[in-house]
Amino acid sequence: MGSNMAEAHPVGFQWVMEAKARGARVIHIDPRFTRTSALADQHVTLRAGTDIAFLGGVIHHILSHDLDFREYVRAYTNASFLLSEDFRDTEDLDGLFSGYDPHTASYDSSSWAYESVQQEEGRPGDREKEHSAPFKHGASGPAVAGGAGEIACDPDLEHPRCVFQVLKRHFSRYTPEMVERICGVPQEAFLEVCRAWTANSGRERTTALVYSVGWTQHSVGAQYIRAGAIVQLLLGNIGRPGGGIYALRGHASIQGSTDIPTLYNLLPGYLPMPDVTHDGLAAYLESVAPRHEKGFWGHADAYTVSLLKEYWGEAATAENDYCFDHMPRINGDHGTYRTVMDMVEGDKVFGYFVLGQNPAVGSAHGRLQRLGMANLDWVVVRDLTMIESATFWKDAPEIETGEIVTERCRTEVFFFPAASHVEKSGTFTQTQRMLQWRDQAVEPPGDARSELWFFYHLGRKLKERLAGSTDERDRPLLDLAWDYRVEGDEPDAADVLRRINGVDLTTGRAVDGYTELKADGSTACGCWIYSGVYADEVNQARRRKPRFEQGPYDAEWGWTWPLNRRVLYNRASADPEGRPWSERKALVWWDEDKGEWTGHDIPDFEKDKPPSYRPPEGASGPEGLRGDDAFIMMSDGKAWLFAPSGLLDGPLPTHYEPHESPARNLLYGQQGSPVRKVYGRADNPSNPSPPEAHGEVFPYVFTASRLTEHHTAGGMSRQLPYLSELQPELTVEVSPELAAERGLVHLDWAHVITSRSAVDARVLVTDRMAPLRVDGRTVHQVWMPYHWGHTGLVSGDVVNDLIGVVADPNVLIQESKVLTCDVRPGRRPRGPALLEYVREYRERAGITPRTGTRIATAGDDPGPPHMEPGPPEESP
Amino acid sequence: MTNEHSLHGPLEDPAADAGHVGHPPRVGFFTDTSVCIGCKACEVACKTWNDVPEDGLDLLGMSYDNTGMLGASSWRHVAFVEQERPLGRQDPGLAALPTGPSVTGVQQDVVAEGMRHAERGGAQLGTGPVDVGFPSFELPGASTGAEGRTDFRWLMSSDVCKHCTHAGCLDVCPTGALFRTEFSTVVVQQDICNGCGYCVSGCPYGVIDRRPDDGRAWKCTLCYDRLRGGLEPACAKACPTDSIQFGPLDELRERADRRLEQLHGAGVAEARLYGRDPEDGVGGDGAFFLLLDEPEVYGLPPDPVVPTRDLPRMWKYAGVAASALLAAAAAVFVGGGKR
Amino acid sequence: MGVKRWLDAWPVYRQLTGTDPLGRGKAAQSARSAALTPRTDTADRVADSVCPFCAVGCAQRVYVKDEKVVQIEGNPDSPISRGRLCPKGSASKQLVTGPQREHKVRYRPPYATEWQDLDLDTAVDMVVDRVLDARRKGWQDTDESGRKLRRTMGIASLGGATLDNEENYLIKKLFTALGALQVENQARI
Amino acid sequence: MSQDDGTLREPRSDAGATDFTARVFASGRGGDDGGRERPVVPRAEFRSYYGRPVLKPPVWNWKIAAYLFTGGLSAGAALLAAGADLTGRPVLRRWSRTGSSAALMASMYLLVADLGRPERFHHMLRVAKPSSPMSVGTWILVAYGPGNVLAAAADVLPARVRATLPGRLLRLAARPAGLASAALAPAVASYTAVLLSQTAVPAWHDAHRHLPLLFTGSAAASGGGLGMLVAPVAEAAPARRLAAAGAAAEILTARAIDRRPTLEAGAYTTGRAHRLRRASEYLTLGGAVAAVTLARRSRPVAAAAGLALLAGSALQRFGVFEAGVASTRDPAYVVVPQRERLERRKAAQDGHPGPARPDGT
């Protein structure tokens, strides 16, 4: 679901085909029939943006037919834990959970806690939503204060306030009929999926779930994944061979750039970026790893201090909190869309580095991106080729409309040619967390240089320039440990990787894993989860032992974090006593004779902790984990069916309509996510959705994604003849029925319109697109690939111009997988007429900057529209 | 070295028939289209290895196929066919949806209409740019009120030179540029070819073509250079799902038979092998296929025959005609006296 | 002897004297064909690499001859990809060696209508100046309630998903030391 | 050609499908027709890949069609020259020899110029391939050419060279050379038919029985026509007879091609091929009738008839060439006959009489 694996990850799809050849059943649930569907056993056509309703239906099916893997659920999830009496579900509040404040459009999550746990005092207020969730919690360590202690539970799962029963009630109305009415999926097709999924899960069988950005790019994206996780946990498909949830990521090292983040809210290893409330290391650590919680976040002090030692070296001492105060503090949303809006507004952002990325084409609301860049002092673009983000000042579409005038555009642009992947060494982290080292093959041509070269020398020159400065604000730079080994003038990536791995400062040797890290300043480590990649002073990511020469888990090819474990939480592949659930599905198990965990994979558990282990009173951190607490990163050792904290939009996934939807939410009065992040501003208008009027102006559901033959914004594919000839033009795919309704002709021109812009494309009328019946009404969906821009061998309009910015509050990822649109035959107007054309559409739909910003639609108090500060109410 | 089946019919060992002594086993491709995901890696891997030029940036509207045909500059071509038909027991998810009639036929008609007016009827595809243009007339049946569609399947298939046992192109080549290699494959030697163009018309599959700017004929070499180095051809190596399988032909045939049986067992009754049969008109293909519909649906001839099959007969007719000419010439002087 | 060699080079002669009377195989083989080898055989070295497109992480082998990349193809040893590549991965050689690559630093001054050339070192120095300037202009010591911010909002960065871990590490580290927060990449897009 | 819709359908899961993927239309398939007329009468329905050709149309251009003519002309004239030589018709001999040689030179030019790599024309001499009519033809021309040119050279020698020793030797060799050339001329005239037939081009291959006679007839008609054009009436009787006989063979064979009950015959009877060949028939018939009537007396009529025969022969060659090209552009010519053949074979296997192939192949 939410993934077009055959097209976006063709080589990975070989394993799906291999599984199919061995008898696996492949089901593809997607708004359109893709190359993945063509090879699947079953394709389910679903309305974009309704996956939670579908998955909720599956959960309902499982629970109402007692099809869950009960022993697994009881042992490894929090199903039995009792919730606080203060908790109110969406069933009680018409789509809202307890703690909602319509004025700030945010939740006070204190009522979502377990019964016996005293939650920290409520943290209401708008600021909460201003933060990306991992800011608080890293990847998997949201706090349950006292998680290490006993939590009230009902092992029979019958207490009305136990998570299991709460879950059952929460999804009680997600019936097959409701799924059909919301998703447009006929009941029989839905039930077929339920039957296949449940029949192929349990002791003897497992089912894998694959998703990609078809799930993440939604205003409720995090909850999509939660819903998938709940299904997989109920069916016992996590931590087991053939099970799991696969997030297929789209870029060579996008996993790496999240692990070692170039993200504002994270430090390496999912440690949060310090927040304005952290006025010292102790306060920071208390929020990252509160005492009395279980799990490996308990050692966050060691990870953090080691990172600070790597950053500031000698200068970081116990006395100065290891230079903790050298770090800048966040206090709100500093995500890329916020930043771009600040660029447009002017006088906030002055310079912009664009590194191997093409926001003028590849980011949502391309217009905003280009207008933002045209309003800066300077932009540095580093790429292999001349991309749209470097040439906006002379050939952006806004030149044609008159919004950017080259002679009046002040932005100074530096284009630096970048080294390609064969012209530098280093590691990529692929989608299953595996680091693979690349050897340099040749020297980069001309002025082309690696990012490593560029930033190393930029840093070096900055330090030289500021040498002798006494300004306190320059201290962090001057103290910065920047002494990486350099060969010629190229920094040695292996040395950087070794420092990321971590070094024991007392011996000077690389550490073998994060368990060796210390909080006393005696170790330095750039990213604790990568610790072990340089174990034994060997670059483990460079290992290339042929697959023919090793076992099924290929432990000696590359290196996977954490500690080369290939299947996360694989302790759950054995029962609480440490025996495999079945011989067929054995992965790791407890070897009583040797007194250790063993198996095909490296156990994701303390090697010598027996299944029967029970922690002593008061133990916390790793020591607090029981021998059957398989989920070792969780603060209570259990997988969370119900998330008592950590999410800003509710403890359970709930079906909300997308921000732009043709349909009213059939389940609740609350239409969309009540805490979604809207940016109500004149240059970011929304199409109206029920209960707002005039949705009929944009009657169709729009979704966009990739083609096999191109790569994202096209910088690495539209310039290549061999790829461009395979998909030479931007197209829009429509169903025969929509083609008839709008008079669209195969191969002729059409244009797609939203309140943001209109784009041209050639029409592909195809049976692969089909209309849906949603609550008695026919709904058409429209699809476009988004790879085109105005430069390259093949060019076309920028599809991202159609998309506005609305985000998931947890992660601030935009909702670009579903919006509404109109489609018309013929080409769009050009030049200034385009602006006028789109304006007329807005007028017809009654759109103002307020449209879509009054997000609370349940209850008596709708709250105010959530507008951006700034000049009010003018049409862009 | 020649035998009665040198020109047509089943031939056990084409390489030996072509004078190779102590040669390696015959190799080829088995393309199992039932697992093709239409990614076109074969097309790109082939072009990358063989330095084949780009051959046109035209949108064709043949579903996702913008290559269109094999040709001098497309040695692998992935066909895409959208059909209102079921595929085995696959559920295309259309049941109970508010669908109208299918457009698969309309899609075909629109492109076919463009083809009619394109260079060489569209056969320039694969060799050079072909502009199908924009639809020029009202489309038939675009919205006739027929029943709603419930069946759909999307077929993909990677086509390639068949490396026939009896190769029309090779037989007619007057320079010996085309020759049968020790692997029993058929290869154009670019140092020899003088671009006479005969092979283009000799091929019953429409595979080989002449590059306009270069003047020589080009087609798949089954990566002759790689084979000589013990490597697998580039397309087969790249193919993500092993739809393209490379190996000794005997093994491939066995594998294909097993796969066919498996698919039939799984309810895919429409699966069939194409080019597998040594008794067929070209003596069996070195590159053969498992298809899910009739060959012509993929643009393949349903029953190709090597033109050489009729060669002795054709020379016989020519001999008769030549004799008649000679006789007539003699007669006109002998008869009738000197006037 | 010369005549013999000349005759031997004539396929018709080989047809008459050899195993291939019909001239469709052995006899017709050219000298070039008889000596053909894959270009990977003559590469000076092979570098182990990884495909730069999506996140599957397919292993590549990069063949280099005379300091030029002559071929990039899958590495069959890989347990992830088994030597296979998709169309994008198969186009890696074109990505790396194609004429679309920019080899020179380009500079566009404010209000200019065309690119200019710029020396790499000078360009980096100019960026240093601008970083310091933007950092100063966007500097914030504290928030409205006096809590420590010690940051600059004047500099933003976007990118990382296509870069190496080591590169991302230096980028984050350097920007953090500069007080620049708005470091983002594709993971949030 | 009427084909029941059902017979082309395949069994299996396709029953009831309506996705015929291309349609054959009664006329107007020629790409040169320019106009985008709407297809009219559906003649047969069959399945194809987006109506795209299955085969590659020949890459040969007009030069090859022209060579078919010049080669035939050279052969016909060479025969006439030899006869004239033996029967003492000096004018007919001289101009036939010269004409034959000139046509041969033109042929050489046309053949080489049509190559993609003309500078490699000599690669044709690398091999001698019995399976390749072009290779066979090359060697025929190699044998045919020298004698032909030698004989012609002897006839056009300037007077002062005639007297020299080489000149005398040349004149001595002229007759044997001319006779050798004439002996090979029928092969020159007929091998081109095999050249075209041994292709996958449906119209050419399907006509492989008829093309040789068509081509030799056409060669005779053009050779005779040339004789009528260049020789005085008194010497031209054999030329007229050859022309008449050749024209008769050409016209009758052409008609036979058109009347074949196969789909491929349609390539000859429609479009541009049809128009060219109809004009050819008029010219050839006119020339032949004149040859046996007025041309016996009137030199101008003889010359005009000779020109008509030459033109008729040329147009016939262009017509045949065009028919072949047209039959590759339309997938129907490939798919329908092959599909029928399969159906017949299947029916035979199943023991049912299938739809019979009218021509019995």
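Going by the order they are written in, the chains are A, B, C and D; count residues from 1 in each one.
One rule holds for everything that comes next: contacts are C-beta pairs under 8 Å (C-beta built on N, C-alpha and C of every residue); 3 or more make two chains touch, one makes a residue touch a chain.
Just so we're clear, the structure is a prediction, and the values are computed from it rather than from any experiment.
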Inset, instruction - If you tally contacting C-beta pairs, which comes out ahead, A-C or A-B? Let me know. - result: A-C
Inset, instruction - Compute the distance, rounded to whole Å, between the mean C-alpha positions of chain A and chain B. - result: 45
Legend entry - chain A-chain C separation of Cα centroids, rounded to whole Å: 27
Inset, instruction - Starting from the mean Cα coordinates of chain B and chain C, work out the distance between those two points in Å. - result: 34
Inset, instruction - Quick one: report the Å distance separating chain C from chain D, using the average Cα coordinate of each chain. - result: 56
Legend entry - Overlap residues in chain D, where contacts from two or more other chains coincide: 126-127, 129, 131, 135
Legend entry - Shared interface positions of chain A, touching two or more other chains: 10-11, 14, 708-709, 721-723, 726, 793
Legend entry - Residues within chain B bordering two or more other chains: 39-41, 43-44, 48, 84, 102, 104, 107, 111, 171, 176-177, 192, 240, 242
Legend entry - Chain-level touch network, classified as line, ring, star, complete or other: other
Legend entry - In the complex with chain B, residue positions of chain C that touch it: 11, 18-30, 32-33, 36-41, 71-74, 76, 83-91, 93-94
Legend entry - Residues of chain D that touch chain C when the two form their complex: 125-131, 135
Inset, instruction - Show which residues of chain B lie in contact with chain A when the two form their complex. - result: 35, 37-41, 43-44, 47-48, 53-59, 61, 63-64, 66-67, 82, 84, 89-104, 106-107, 110-111, 114, 132, 134-135, 139, 142-143, 149, 152-156, 240-242
Legend entry - chain A - residues contacting chain B, complex: 6-7, 10-11, 13-14, 17, 21, 33, 35-45, 184, 186, 188-189, 192, 707-709, 721-729, 731, 735-737, 739-740, 745-749, 762, 764-768, 770-773, 778, 793-794
Legend entry - Interfacial residue positions of chain C with respect to chain D in the complex: 10-12, 15, 22-24, 27-28
